[in-house]
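I have a structure here, written as structure tokens, and I will follow up with some questions on it.
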């Protein structure tokens, strides 16, 4: 966006933005002439823009919130933010409804009914805090501080610091920062190939040939807005170059739909394809000699290692035609710069590690690592908290089963909905005697809580956001409250600080902050100059007006340092359920609309058609037309999907772009709780997943479950926006 | 005219009624002064002759012209007064204006016809004109307009002579 | 500069708003759909009504399938009001609720609309949506409603306005500054949010504007062009296999 | 008593005829109250349904995107169609001086008036905001705006208004002498009412002559209005760009369709009136025979138009039009078949036989069949075509709801109720027309035979 956004920096000084906006009150039934402007400076009809940051997904985009008469009206991308450059996705837009959701938890609540019944009674904050402290102090007094489990998503910046400090003060090592779509697998593989354990940034914008192995970078993968924007530029911003894009994967995702070519490879064989391509590239001498020198590799040794990956056998294993493989291999090597991406459907296989390594090796081979238009490993972002490992999760489940946890605190994560039941988490979690949730909405996990201390929503909170990727150095988005809190909620940070203060011990000393804002300001100042002072008011206002710290360096193009890399053979993938009884692979995918389900309570998103199926308000199973025909399944029929672990009943979508041996179900629906717009909408397919792992690396293989289908009835209750037959009649529009 | 009265003789059938009319003409009454009253129409001249000229068609035509003018002004005039563009249609579009003009032309012509008809008939007339409910039951009346006195007696005489079932004078209940 | 002069200057500027949608950039992500909901107080209607053609989207992303597995393609095309110059919806409205304004916009006057739905039938693009029920914004969702845009009542037809409230705002600002609206100064919500920048909005009457330049692209086409509706939305053809080098 | 008696028209005979023809006006029996009460209840139910729709919004009807018009507009076109033949047939028969017309006229004219009234309510019912009806009317107002005369809907409003006024006047005009008769036969408040309505009609030779002239003139004037009304109704569709609607043949096709359904409806009503009021002596097989011939002609015409319309679509094979065509054939196969059977394949062969034309039950059956067929025809013109419009992505479906069905049924009930009430208050067969026929009838000797002759003016 070439122009400067008119006056969005007129973002009025907002030191105390939260306290200023007082016109949210009710009872404006009379028309009162506007004679004396209100104290807060808000003028009816004139809107202010406040910069903030988006926390709807880990990408961490910068936003501008349009506020009129003390109410948030619209979210727009922050043009200054280096990650999203003024753009924002559907989920980011819908954060407004998070703020104004009718079913928010409006004050602290205490359980009164049976556990999990969802019966709560409102209590005061004093009572809520003392209940929390009572639990914490009791446990500590008994010398069982390690019986506290703290569950969060991967945290960033101040929050990460706060939770870490809190846990160390309290004396429990059990902070579990795990969510299902974890990046652990990528990180492990990157260490193996490139010697770097962080998630690289992909320079889509400058690439000329893009090859995605199941990476849905336009919808859910890493930073969709950033990559969406870069994709647009890759396609059409260069006068004579239109970047080409090939997608490899069993199901055509929204991202794949934008590809020039879609290669429906056999499930779990992407790594094999990558190695086959590598061999072809080596054979034809199309590899980057410079890169080989850099990593001190020996092409002849590599060739030998790849002896099993001749074109013929690769074609057989992947199910692709030999010509297709040779043509993409040649294109990938000769159209430079090129770039191979690897995504969740590849990673979450029992051979996922091998596949990621194979694909990164492919990148390495043609010299894509550390090159413009390739993979960029930059100085790692400051303040990106770490994620827990899958092994950690499993050990926590074991501990839960042994009743080793007496108190669980849950913040911003919904494990009851969001973890596959096969790892037994849900059952084990129910054994925790006291669960405290900080959720601002009554989600599935909060339903099981004993105490709910509702957090502000993002638009009411202070906070900082460190983008996952695309922040080539110190980029921290600052969240500021753009409206007064609607209800009697409190910032999670403040509650945790209060809890720390209330601990018998040195809480006060380790966390000596007045409040969370104070802590945030100090951290920001530290980021600026390393000092421990609180950021000066002037600096602070400037940062708020900009939306954060965007000290972007030129991307540092680190050339991989790791020496002696060589291709590792890809193991045969394992699938749970035998082929006869369970003939179909189950591909679960993060919904482009509601991601892993964290946005399912927002009606705008529920009503936004899924791009590929155009389905709204529910889940579905995608079936190839041939498969459906052989099973007698028609569009909209209710189908039972069974795995060795369980079954779900879900409507069928006849989906022409999925392998006949694969069916796909979106994640994220099927909540119990989470407000009226998510409660019992669709089904949660996670119950189908088998607990398959890559045993060698202790990594989950969510894509390794086989299922069977049975038609139940024609009453699937499927709602699609696109007419099922009309969707095939685009030629009538002559487009 | 104040001293003119109408006298009505009622007859059982067409032939006697026609004879009575004939007798009145013979008796010096003009065709203009004689008329028949019946519950059904008879072709002109069967009983009496109606010699009036009719302007009905002209009234209809005038109505139609007025309607056309009105319709045109309404459709074209208002569009011209409030010129809002819609689609690629001109502000004053020929076809729509034509249609509205036509409809109003027909409406006014119809109203003109009905109005003209009543005008020519001299209706509505709720004054007690000479009439007998027997006419509805099939009697045929011959009414004659005459002066008071002698002429009146003469008329009564002729009507009675022709075999009237009943004689009624104007104003008689 | 006196007010009169500015007025004159402003009137001298010709605006003809238009939009270019580059289908090669469009990824079908749907950000525009939600942005439009937020900007224009477009209600959501729930599952049952969505399933029966009562969804209120002013912009929708149509997805068409081509071919058969494995040589299958999905094409996305965002369809919104095409702001036709020869709009078929306009002349059929008996009460002038739908008319053409001087800047080429296909205006819809909600409070004149009586709900004959004739315009919706005559819209070849089927982009007009009707308020079959009173829209509902359960509290406090109503606090999000934009004060710049009317909340439409039941029985009223509505559709994309090219975010006319933003056009008005920019024109007012420009008028106060005594200048014409700059290219790129106005962005409808959909164009503003679009992650791949597939939507370009601007003044088609200005040959220097970005939208004008893009509208002359050899990839240009307009939707159902042979009907002669002369839309102000110009699409640029997306790629396909044939574009791979 | 029979009209075929070859006596002179004596007062006794006149009395008898009047007795017969006003039998519908006898004091109501409990059966009549039962019938009208039932019909009234159905109408009230329809009104409740409409009230519910106004309260809740049009969403309670089955319309949606893309099928923005549904049963209401189908009903509208259907009722406008029915209203057609009444006046039109009556006018044409008057002008052609078809002697057999006499017992049919009044019933047909009344049908027109009530059918167009019922039809006129539907556009109102189908509005999203019926309380804003005033916006349609060319009344100077503070909004500074006028209705848009470029919109076919406004032509519609104008044409229907003209038609309601014209056909009501036409009905009234024909009834004027009869009103005088019933005035003389009634007493009490009824007498006052009829006196008012009869406007002092006495039946002078002058009045009769003006009356005859006016009747002829009205007949001439009403025919173009009737044609324009249904043409304009067709233009509501044909003026659009909707594939399947945008067709030049629509106006004549609709006019013929309207006459078709109207003639069939007249036949249906003739059967009902004949049975209900024991008018067997007046509505004789000859009348059914003649109406049957008209129906046959119109059916042939309709089939011809339908064929021409389908042929051009089929031959031209424009993709989107062809799509609509195929869709209709597939999804609405049964209805389509029923329509073609009712309108052509059964009607045409059957009506070729004099015995069938003269059989009252057979004619009833055929006329009902035609009207079912014509209702389906309107449905098929509106719903499937809207279901599959230019943009395939939003193709849709239409399912009428209880509200629409209730209102539609209430419309039939309302029509029947109006008709029942009309028959109770006014002579349903034209007395003066019947008597006129008798007056002009004579006998002539030709060879050995005595033949009936008709005296005419010329």
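Each chain carries a letter (A, B, C and D) given by its place in the written order, and its residues are counted from 1.
Criterion: a residue touches a chain if its C-beta (ideal position, glycine included) is under 8 Å from a C-beta of that chain, and two chains touch if they have at least 3 such contacts.
For clarity, every value in this text was computed on a predicted model and none was experimentally measured.
Asker: Applying the touch definition from the top, give me the chains sitting in contact with each of chain A and chain D.
Answerer: Of all the chains present, those in contact with both chain A and chain D are C.
Asker: So using the touch definition from the top, which pair is joined by more C-beta contacts, B-C or B-D?
Answerer: Most C-beta pairs in contact, of the two: B-D.
Asker: Could you work out how far the Cα centre of chain B sits from that of chain C, in whole Å?
Answerer: Roughly 64 Å separates the two chain centres.
Asker: Take the average of all CA coordinates in chain A, do the same for chain B, and state the distance between these two points in whole angstrom.
Answerer: Comparing mean C-alpha positions, chain B is 90 Å from chain A.
Asker: Report the inter-centroid distance (CA atoms only) between chain B and chain D in whole Å.
Answerer: Computed from C-alpha means, the inter-chain centre distance equals 29 Å.
Asker: How many angstrom lie between the centres of chain A and chain C, each centre taken as the mean Cα position?
Answerer: Chain centres of chain A and chain C, defined by C-alpha means, are spaced 31 Å apart.
Asker: Going by the contact rule already set, what residues in chain D reach two or more other chains?
Answerer: Expected reply: 145-146, 148, 150-151, 154, 390-394, 396.
Asker: Which chain A residues reach two or more other chains?
Answerer: 721-722, 727-730, 733
Asker: Can you list the residues of chain B that touch 2 or more other chains?
Answerer: Only 84, 86, 89 qualify.
Asker: What's the complete list of touching chain pairs for this entry?
Answerer: Once each pair is checked, the touching ones are A-C, A-D, B-C, B-D, C-D.
Asker: Contact residues on chain A for chain D in the complex?
Answerer: Residues of chain A touching chain D: 721-723, 725-733.
Asker: Looking at the complex, which residues from chain B come into contact with chain C?
Answerer: That would be residues 84-89 of chain B.
Asker: Taking the touch rule as given, give the residues of chain C at its contact with chain B in the complex, in rising order.
Answerer: Within the complex, chain C touches chain B at residues 84-91, 93, 96, 98-101, 230.
Asker: Which residues of chain B touch chain D in the complex?
Answerer: 12-14, 35-44, 47-50, 52, 54, 56-57, 60, 74-75, 78-79, 81-82, 84, 86, 89, 93, 96-97, 99-100, 102-104, 106-107, 109-111, 113-114, 116-118, 120-121, 123-127, 129, 131, 133-139, 143
Asker: Which positions of chain D touch chain A when the two form their complex?
Answerer: Chain D residues touching chain A: 319-320, 323, 388, 390-396.
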